[in-house]
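Structures follow.
Heads up, the next two complexes both have chain A, just with different partners, chain B and then chain C.
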Partner chain A sequence: MHSWPLQARASLVSMLILVVLGLAWHIGVNTGGGTGQANIDPEYAKLIGAAANTGKSAMPGPLDVLAKIGQHLKEPFYDRGPNDKGIGIQLAYSIGRVLLGYGIAVLVAIPLGFLIGMSPLMNRALDPFIQIMKPVSPLAWMPLALYTIKDSAISSIFVIFICSLWPMLVNTAFGVSSVRKEWLNVARTLEVGSVRRAFTVILPAAAPTILTGMRISIGIAWLVIVAAEMLVGGTGIGYFVWNEWNNLSITNVITSIIVIGLVGMILDQMLARVAKLVTYPE
Partner chain B sequence: MSSAFQDAFSSKFRLSRRGCNCGQHASQAAHDAALVPTVAQSADGQLRRVIEGAVMRALFPVDAERRNFLRAVGATTASAALGALFPIATATDAFAQGGAIEKKDLKIGFIPITCATPIIMASPMGFYAKQGLNVEVIKTAGWAVIRDKAINKEYDAAHMLAPMPLAISLGIGSNPIPYTMPAVENINGQAITLANKHKERRDPKSWKGFKFAVPFDFSMHNYLLRYYLAEHGLDPDTDVQIRSVPPPEMVANLRADNIDGFLGPDPFNQRAVFDGVGFIHILSKELWDGHPCCAFAASREFVTTMPNTYVALLKAIIEATVFASKAENRKPIATAIAPANYLNQPETVLEQILTGTYADGLGQVKRDPNRVNFDPIPWDSFAIWILTQMKRWGQLKGDIDYKAVADQIYLATDARKLMREMGLTVPEATTKTFSVMGKPFDATRPNEYIASFAIKRT
Partner chain C sequence: MQEMANSPRYISIEGIARHFDAPGGGRTTVFEDVWFPVARGEFVCMIGHSGCGKTTVLNILAGLDLPDGGVAVVDGEAIEGPSLNRAVIFQSHALLPWRSVLGNVAYAVSSKWRDWSRAKIEEHAKKFIALVGLAGSELKKPAQLSGGMKQRVGIARALSIEPKILLMDEPFSALDALTRGNLQDEVRRICLATNQTVFMITHDVDEAIYLADKIVLMTNGPHAMVAEIVANPLPKDRQRHEVHKHPHYYALRNHLIDFLVTRSKTFKDEIPADYDRRKPPVVSPVAQPLPVPPPATKRAAA
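Right, the complex of A and B next:
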């Protein structure tokens, strides 16, 4: 047992936790209630749901959820009209919005962060604005965006943009401003031009911090898109959750929670890989 | 205008008001209704007859003179003579060309509730397609979003609450944008649902401190709930809390014990019963039988810049609404609108609402075929009543010309005209009287009506 590598042991413990949680969930759902009401008018019983009829919990068990996931996986890309599309299509809409809003934020935040990080004057001048804007919940922008942009799809992209902007901006500025003075001095001694200095000295030195900001941002963007789509509706995984909430279908809501978690993890891991490429030993 | 589509070429047409021109029907409307299937087969023929009729009427404005002329020469000769004098074929073409639809692909927003039944079912049941329209009905998350999307022109027309076009046009709660309400969707069909723990507290006087949900500030639900509470001596602003919650979230909130009850739209009243969360305390029908609830709304800009699209769309909506009003069609409608693309609800819940045979959550099966009904005419008096309530609760400040606002926004004349054109029975009266909780409403004296209430914010 002790000869097993740490990774294998950790995986084993993870599996055990999953099995225990699943069992507890299964048992929790299947006990309690279930006695049924005696002497109920059969005509009346036909008109009400199982939850009201038997007193059984409306909470689905893990097996129900697994069956539901299987059902979605079997047919992820169906399209039955504008309000009923497969979970794959909904995810594609959400990921598309996130990548677009996030991409624009990268294009704005990194150059701006460079400027702020390299200029102590701009750093101090812009600081109050950043400090005020950073803690605003991105969803608070939604009514304003809907009113000014007058398009719900672009509004949700704007909300993604605005929420992923700040962590990247702050991290880039911090990374750039804390590049070691010795390295900059060496560059100056060698008479390196400012553009070349930015790309060959500062960028590689600040890259790990910038990537950390980008990782935080993609996480926030993925959190926010679900809420934004629940608010505006139409398409996307957030709309899917809302539509199933509408139908009080807890099974589907749990299914989408799992799916949202998986996609968020994949997005994060992708940036973690990139971050590994740019880290350097001090 | 009222006789525009009666046959101007019939010399047999009786000049007295009683009966129809063939004498076999009780009224001209019944006669027209009987003719519909044959007339509808040839839309062009109908159009030609309408135009010929208009020309004939222009030539002989006095009914008696026209009859004498027709009797002397015969209808066919008259038609031919008229054709020689006046290029009727050209006129028919011009009218038909004017009838071309400006925009075929339309988007209509809806909230997933049974009030929107005609708007929704017109898509799967082909009422839009019949008018040559390609309509996508888009599910929307809440009333504020539907308002913003309609104002932003993401939607060409939308399902709205009957007070919303008034509020939007008057600029209450948003910038003023001229809006219109060409048709009412449903009448009745709402209910007060309470959490199961209040089964013993059925007297509204004992509801002090309750938290209620209504779908929107500018909704019949809000006004009816306030009216109901005030009639029982509770001040809706100080004795209870009324908050606006999107309908789909009402049952979830009731289950979470976040609210004590709601005056909300179906399917959520029935859904609360279906899920064992609440019971139906009273149907809105018992407060005001025949009250309007939801509506089909479009901007004035849409109505004026795309008149033919507007007419085609309104025809589809009216036809769907009239179809939905027939009891025998209710079950197939429930099947058509239950899937995830539309209401996303169990079919049995929708069937209970639409057929009116339902479980009340207290162990009884109740039967009321008029639990919800559908009637397209947007009566002026409805608008005036809503305006009085807006005023009563302080949403609307200052004086307004009730009648003029109602006329501008509730397009009852258009609806009546189209219904007649489509051969549907139109009520003779041009005004509608009603009473709310036993108290009659006089639409000609709105200010006196407001003054008569003890609890108000004016």
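Right, the complex of A and C next:
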């Protein structure tokens, strides 16, 4: 056992935890609520349908969820009207919105962060605005966005933009302002112009800090899109979750939770790869 | 002032002063009315205690800092900012960690000769990497190098732009004794071969004795001043492991140590009557001849 590499042992423990949790879940679902219909209010029984008659809990077991995931995997992109689209389509809507809002935020935050980081004046002048705007829940912008933009899809993109902006802005400004003075002096003694200095000294020096901000932002954006889509409805994985709750399909809700987690992890890992490329050892 | 090309005032520090805001209001004058010359091809070291403004003088020469009064003149022109004619070797080597050894040197080369092709830049950079003995390490990143190797890259980077003046701020102070000795040998070899004009800050007396033609002695700050300029009496072809055997070595060394221990503090209070800030006295401590025995005895013995 001890001769195994750490990663292999960790993977084994992970699998064990998964199996134990899955078993506990399975047993919990199949033993509870077995006392019959007597305790169930007839009105409630009507609401939850078949489950009341069998006395089985509406809570699905792991096998139900696995079956559901298999079903989604078989047909991820079907479209049978506004309320019945495949989970793949819903995810594509959400990812598209996140990438669009996030992309615009990158284009705004990094140049603006550069400006703030390079200018002590702008740093101090803009600081109160950033400090006040940063802690505002992005969903608080939603009514304002809906009123001014008058389009729910664009409003949710705007909300993603707003929530992605701050971590990247603050990190870029910090990374740029804390570039080592000696590196800047090297550029100065070599008479390097300001544009070349920005791209050959400041950007590579600040890149790891900027990438950290970008990772925080993509994480927040992916958290916020689910809530934003629950609010505005129509399409997207957030809307899908809420719609399935209304359909009382807990299986689909749990499936969505797993899928949202997986996509969030992939987005984060993609940026982690980029961060690794630009990180330099000192 | 018209200066000849071979003037002893190739670099001329003329009455520079620098003040800093003191914590709690007011201003501290680090040094003021500092004058000294450096001739072309000369290796000049500046010695003084921490806080006397040595690094500030070097930064002014580099153009990274500006004096509050006076002017620093190089080759007849007042320094107004950094220049590719004056290369700096930083104490902390200041290599860009995301660039390889070759990348760091090539960055300097491409800054100097902006129209050169990539191949020409790399060829030029490799020449200087080889000069400091790092051939074969071109593709390593600074993090993979030892402290001495990093400083070698810093030296190669500074030399690669073929500067008129080389400025060094305690370049070897962070290195172990053996590495420091080897690097001193190489710097001396390269500078002698190319007749490089060098201004170097140090607080290592032996380093100054081995490397410098002239040693500028700064009194303690605040209000630091140049007490005198010591002309090195040792022969130009000195070897590092043999300097201490030279008859003048201890006279020179004792003079420098005496200055650092006592005169750097007391000089201000007992300024000689003929002292002129604009022309600090040039002294050359040599061994005193052995006392001659009384003539009578000598005659009797003969």
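Basically, the second predicted complex is superposed on the first by the 263 of 282 C-alpha atoms of A that agree within 3 Å, B and C clash if a C-alpha of one lies under 4 Å from a C-alpha of the other, contacts with A are read in each partner's own complex, and residues count from 1 in each chain.
To be clear about the criterion, a contact is a pair of C-beta atoms (placed from the backbone, for glycine too) under 8 Å apart; a residue touches a chain by one contact, two chains touch by 3 or more.
In this text the structure is predicted, and so the values were computed from the model without any measurement.
By the touch criterion stated above, A:L6 is placed in contact with neither chain B nor chain C.
In the superposition on chain A, A:G234 makes contact with chain B only, not with chain C.
Touched residues of chain A, counted separately for chain B and chain C, are more numerous for B.
Residue contacts after overlaying the shared chain place A:V195 against neither chain B nor chain C. Once chain A of one complex is fitted onto chain A of the other, the partner contacts of A:E43 are limited to chain B, with no touch recorded for chain C. Contact with chain B, but none with chain C, is seen for A:N246 once the two complexes are overlaid on the shared chain. By the touch criterion defined above, A:S152 reaches chain B but does not reach chain C.
After overlaying the two complexes on the shared chain, residue contacts for A:R80 are found with chain B alone; chain C is out of touch.
In the superposed model, A:L277 makes contact with neither chain B nor chain C.
Here chain C touches chain A in the complex through residues 62-64, 81-84, 86-88, 90, 92, 94, 96-98, 107-108, 111-112, 141-143, 161, going by the rule given at the top. Residues 112, 136-141, 145, 148-149, 152-154, 248-249, 251-252, 271, 273-277, 339-342, 344-346, 348, 352, 357-359, 361, 363-365 of chain B are the ones that touch chain A when the two sit in their complex.
Those residues of chain A that touch chain B in the shared complex are 40-41, 43-44, 46-49, 51-53, 55, 58, 80-84, 146-147, 150-152, 230-234, 239, 242-248.
Those residues of chain A whose C-beta lies close enough to touch chain C in the complex are 180, 182-183, 185-186, 188-192, 200-201, 204-205, 278, 280-282.
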